[in-house]
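Got some structures for you, see below.
Both complexes shown next keep chain A, but they swap its partner, so chain B is in the first and chain C is in the second.
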Partner chain A sequence: MMMKITVCIGSSCHLKGSREVVEGLQKLIADNGLKDKIELAGTFCLGQCQTGVNVLVGDERYSVTPETVTSFFEKDVLPKLG
Partner chain B sequence: MTTKNELCADIGYLSINHAGENLCGDHVEKVETDDSLVIVLADGLGSGVKASILSTLTSKIISTMIAAGLKLEDCVETIAATLPVCSVRGVAYSTFTIIRIVENKRAEIIQYDNPKVILLRDGENVEYPVERLEIGGKRITKADIQLKEGDIFIAMSDGVEHAGVGIIYNFGWKRSDIIEFMKTFIPVGFTAKTLTKILLDECDRLYDGKPGDDATVCTVKIRSRMPVNLMFGPPAKREDNDIMMSQFFEKDGKRIICGGTTSTIAANYLKKQLIPKLEYLDPEVPPMAEIEGVDLVTEGVITISRVLEYAKDYLKDNDKYEKWSCGRDGASRIARMLFEDATDVNFFVGRAVNPAHQNPDLPITFNIKMRLVEELSDCLGKMGKKVNVTYF
Partner chain C sequence: MRKFDTKVQHLKYKVLRAVAKHAWKGDLLEKVTDIPKEIIPGGTPTMRCCIYKERAILSERVKIAMGGDKSNPNVIEVIDIACDECPASGYQVSDACRGCLAHRCEDVCPKDAITFDSQHKAHIDKSKCINCGRCAQACQYSAIINRKRPCENACKIKAISMAETGEAKIDNNKCISCGACVYQCPFGAISDKSFILNVIDMINKSEDNSKYKVYAVVAPSIASNFTYAKLGQVITGIEKLGFFHAVEAALGADMVAYAESKELAEKGFLTSSCCPAFVDYVHKSFPKMVQHVSHNLSPAATIAKYIKETDPKCKIVFIGPCTAKKMEFQLEHARPYIDSVITFEELQALFDSRDIDITTLEEGVLDNASYYGRIFARSGGLSDAVAQGLKEHGINDFELKAVPCDGIEQCRTALLKAQAGKPDGNFIEGMACVGGCIGGAGCLTHEAKNKADVDKYGRQAMEKTITDAISVYNIGKDN
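Our next item is the complex of A and B:
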C-alpha cells in the first residue's frame, strides 16, 4: 500500500523550514528507492503552527524540523513501511 | 479618470540626470480630472537646480491650469510671465510637451520645442498632422488624435535624442532610430513604465553611463480595462464567509486568492478541490496551489510581502523587473497580474486573526498583514491603477 506523507507549507511552517523538510524527504525517498512506496504531498495550514513544521504520515501528525528530518524518516517512516 | 469607455491610459515616466547632477532639469507632472488626464513633460534650460526649478514650475503651472479647463494661450502666457529669467542667458526658458487625454477617446498633443511625440499604432510609426500656432511669441505645435486601443505615445526631452553624441553617434541617435528601436519591443506587450525604462537604459548606454544632458521619457499606452480581484485572509466573523466569497466571485476579471485558510474556504464555497503544490520555484516563496475557476492560489503574508517589495522597486528604478517578469513563483505571478495586466485592482481583505500567527517571533502577525495591504494598495495607486479595498 502507498504511504502518504503530507508536509504543511502554510506561512508559519514555511518560516520554520518546510522547504528544507520537503527537500530532505524528497532526497531520502529517492536515496532509499521508495518513490513508488511513498507519496509526498503539500497542505496548507493544519492549525497547529506552534509545533511546525507539521508533517502527516497517513493521519498521524509529527513535528519535524530541517535538523530532525533524517531521524524522523528513520524512526517514524521506515518502520511503518514494514 | 472616470471610465467613459473601455479604454484607459497606462502611464510611465523616468529620467536620468546629467552626469554629476543630483537634480534632474526635466520634470513630469500628471493631473487627472473627471473627464481628462493631463501630462506635462518640461525641460528646463541648462541642468541642475536652476533647470529643475524652471521645469517643475512650468509643468506644475501648465498641468494645473489645463486640468482646470483654462485656455492654452493663458497657460503659455502665464508661464512666460512667471518663470524667473536666467541671469546668464537673459531668458526664461523651459520647453514642454503636453499630452491631454479627453474621455479616453482623443489625445491633444501640444508642444513647445521638445522632440515631437512618437505615436506607434499597430506596431508602426504614425506621423500625425500638427497645427502650428504662435502664442506669446512662442512657436507651438498642436495635434488632435483619435485614440485606438494599443496606441503608444512616447514623449521625451531632447536629452534622449542627444544620447551618444560624440561617443557612439556623431549627432546623437535620430528620431527614426528611436522609433526603430522601440518598435521591436511593442509586440511583447510591455507596460508603459517598462517601455520607458527600456528606452532610457538604451540612452544611458549610448551616453556611456555619463549622460551629457538630462534625459526623460514619458510613455502613454492606451489599453482596455482589466480588473484583477485579490482576496487575502478569511473574514473576521465566520458567518461572513459566504458574503465575502459571493462578492469576490461575482466580480469581472481575474481572480487571485492568497492564504491557506482563505483558499480552503474558497474551495469549499466553489465545491472544488484545493490542490497544494510542492514546487519551490523561488526558495523563499512558498509553493502555490490550484483551485478550478481561480486564476492563481498562493500562500498569504510571505508571498504578498515579496509582491510589495517588487511594487516598491517598480515605482523606483524597476531593477528587480527581471526577477518578477519571468519568475514562475507565486509572488512573481501576482506581480505580473497586478502591475502589468490590471487597470483596476479590487482587494477583498479578511480581518480574521490567526491565533497561531500572533507570535512575536513570526513576521506574519495581523498588524503586518493589514500594513501590507495598505502599502500595496498605495503602490498600485501610484502605478495609476484604480484601487478598491473592501474589508470583511
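Our next item is the complex of A and C:
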C-alpha cells in the first residue's frame, strides 16, 4: 500500500519553508529508495497556519520545518512503512 | 477615502453592494424591486431628468448585478435607457472658428470637404469628410472638434456603433469583452455582467467550507488595488467573506512563463495566451494567427487546474481586474477549472455588503509566486518572465525578440505585421488593456503609479526564480 505524504504549500507554510520541506522529503525518499512506496503531494492550506509547515502522513497532521525534516522522516515516516 | 476613480464606478458599486447585502440575508427575491428606492430614496434627481428615470435605470443595473440578460452571450451589456445617445457627428467646426485668412484647415483636407460661408467661417461637408482629423490638428484656434462618442472612442477594435434608435450597440462578433467601454462611458450605460450571486451561493452552500472548499485565485494586479489597506488585510477580508484560502494567480503565471519560454524556443514564433481579450481578438479578427497562439492555459486557469488536482471537489473563484475573464471562464478550456469570476470592484462591494472594513483586520499572507509571475500584471512583465524562463531552462541558442504590446491598438499593429509575414520579433506579448492588467476595467483605480506598485509587490516575493516558485508544482511528478 502506497503511503501518501501531503505538504501544505499555501502562503503561510510557503513562507515558513514548505519548498525546503518538499525538497528535503524528495531527497530522503530518493536516498532511501522509497519512490514506489511513498507518494508526495501538495495542498493549499490545511487550516492550521500557526503550526506550519503542516504535513499530512495519511490523515495524520505533523508540524515540520526545514530543520526538522530529516528527524520527522526518520521518526514519523519510516516506522509507518513497516 | 476615495476608493474609485469615477462616480460611475461608485454607482455600480452601490448597486452591487445592495444586491449582495440582500443575497447574504436571503431576502433578495423579495426586496429586489426595492433596491432602486433604497439607493435613491426620493427628492431631487442627481443624475437624470427625474428620479423615476434614475430608478428605472437602477433597476437595469440591478439586473446586470444579478447576472444580466441570459439571452445575450456577451458579458458586456448596454443599458439602453442609460445611454445618453451622445452626439456622434464626427469632426465639426465650433463657434471658436474665427474666420481667419490662413485656411489651414482647407489646405490639409485631403477630400476638399471644407468650405467657407460669407462670414469666412469654415464648414465641413459631411458627405466628403473621412474623419481623418487633419483639419483639427491644423486649426490654430482648436476650433474643430471631434464629436466622437466616448464608448466608440474607447473601443479601439470598432465593435461599438450607434443603433438606429441612437443608443450604443455592441457587435458581439467583434467584441472581446475587455471592458474599455464600461470604464469609459460617462453615463455608465455599458456594464459587465456580475457573477456575485453565483459566488455568494457557492460560499453559502459550502457550509463554511465543509461540503467543499472555495478557493480565491487572486490576480497580481491586486497590488495596485485596495491601496487604502494592506495587501494582507485584503487577504484576511477574502477569508472573512467565506473563502477557504487565497492563492496567487501569479504562481500560475510562473508556470506559464516556464512552459511558454520552452514552447517559444521550440516553435520559433509565438503569441502569448494570458490575456483572454487578446486571445479572443486573435480568434475573431486574425483567424489565420490562431495557430501561433501559445497552447498554455492562462495563468488563472493554470493555477486553478493545479488546485483542482490537489482538491478535486473544490470550487475556484478568480478575483481580478478583468471583465474578459468573465468570458474566458465560460469557455471549454477553462470551464473545468474556474467556477466563477469577480472583479476587484465587485470584491469591494462584497466586503462592504458584509460591513467588513479591511483596514481593521489583521494581516494575512499571500506568497506563492516569484517576482516574474507577479509582474505579469503590467505591460512588459510577461516578456521579462519569458526571458527569465529561457534562462532558467538553460536555453542559450534562442534569442528572444519580444514585442510587448501595451493595449489592443498595439496588439493590432503587431498582429497585422506578423500576419503579413513581417513580425517585429518572435514573441508577441498581447495585453488588451493599456498598461496591462493594472489598466483592467474591473480595477478600483487606474493611476500612473500602479506599475510601481506591481514591481514593488514583485520584489517582495520570497521566491526569486521561476524554478523555485514552481518547484511545488512538480511535487509528485518527478519524485
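A few points about this structure:
As a convention for this text, the second predicted complex is superposed on the first by the 82 of 82 C-alpha atoms of A that agree within 3 Å, B and C clash if a C-alpha of one lies under 4 Å from a C-alpha of the other, contacts with A are read in each partner's own complex, and residues count from 1 in each chain.
We adopt the following convention: a contact is a pair of C-beta atoms (placed from the backbone, for glycine too) under 8 Å apart; a residue touches a chain by one contact, two chains touch by 3 or more.
Note that the structure is predicted; figures quoted are calculated from it, not measured.
In the three-chain model built by superposing on chain A, chain B clashes with chain C.
Of the two partner chains placed around the shared chain by superposition, chain B and chain C are both touched by A:Gly10. When both complexes are overlaid on chain A, the residue A:Glu39 reaches chain C alone and has no touch with chain B. When the two structures are aligned on the shared chain, A:Asn54 is found in touch with neither chain B nor chain C. Judged by the touch definition given at the top, the superposed model places A:Ser18 against both chain B and chain C. In the superposition on chain A, A:Ile29 contacts chain C only, with no contact to chain B.
In summary, superposing the two complexes on chain A brings one listed stretch of chain C into steric overlap with chain B, and the stretch in question is 368-376; the others among 8-16, 26-34 or 368-376 show no clashing C-alpha atoms.
On chain A, the surface touched by chain B in one complex and the surface touched by chain C in the other have residues 7, 9-12, 14-15, 18-19, 22-23, 40-45, 47 in common.
If you check the complex, the residues on chain B that touch chain A are 259-261, 263-264, 274, 276-278, 280, 283, 286-287, 289, 299-302, 354, 356-357, 359, 362-364.
Of all residues in chain C, those touching chain A in their complex are 215, 235, 244-248, 307, 310-311, 364-368, 462-463, 468, 471-473, 475-476, 479.
Put simply, chain A touches chain B in their complex at residues 7, 9-12, 14-15, 18-19, 22-23, 40-45, 47-50. Across the interface of their complex, chain C is touched by residues 7, 9-12, 14-15, 18-19, 22-23, 26, 29-30, 35, 39-45, 47 of chain A.
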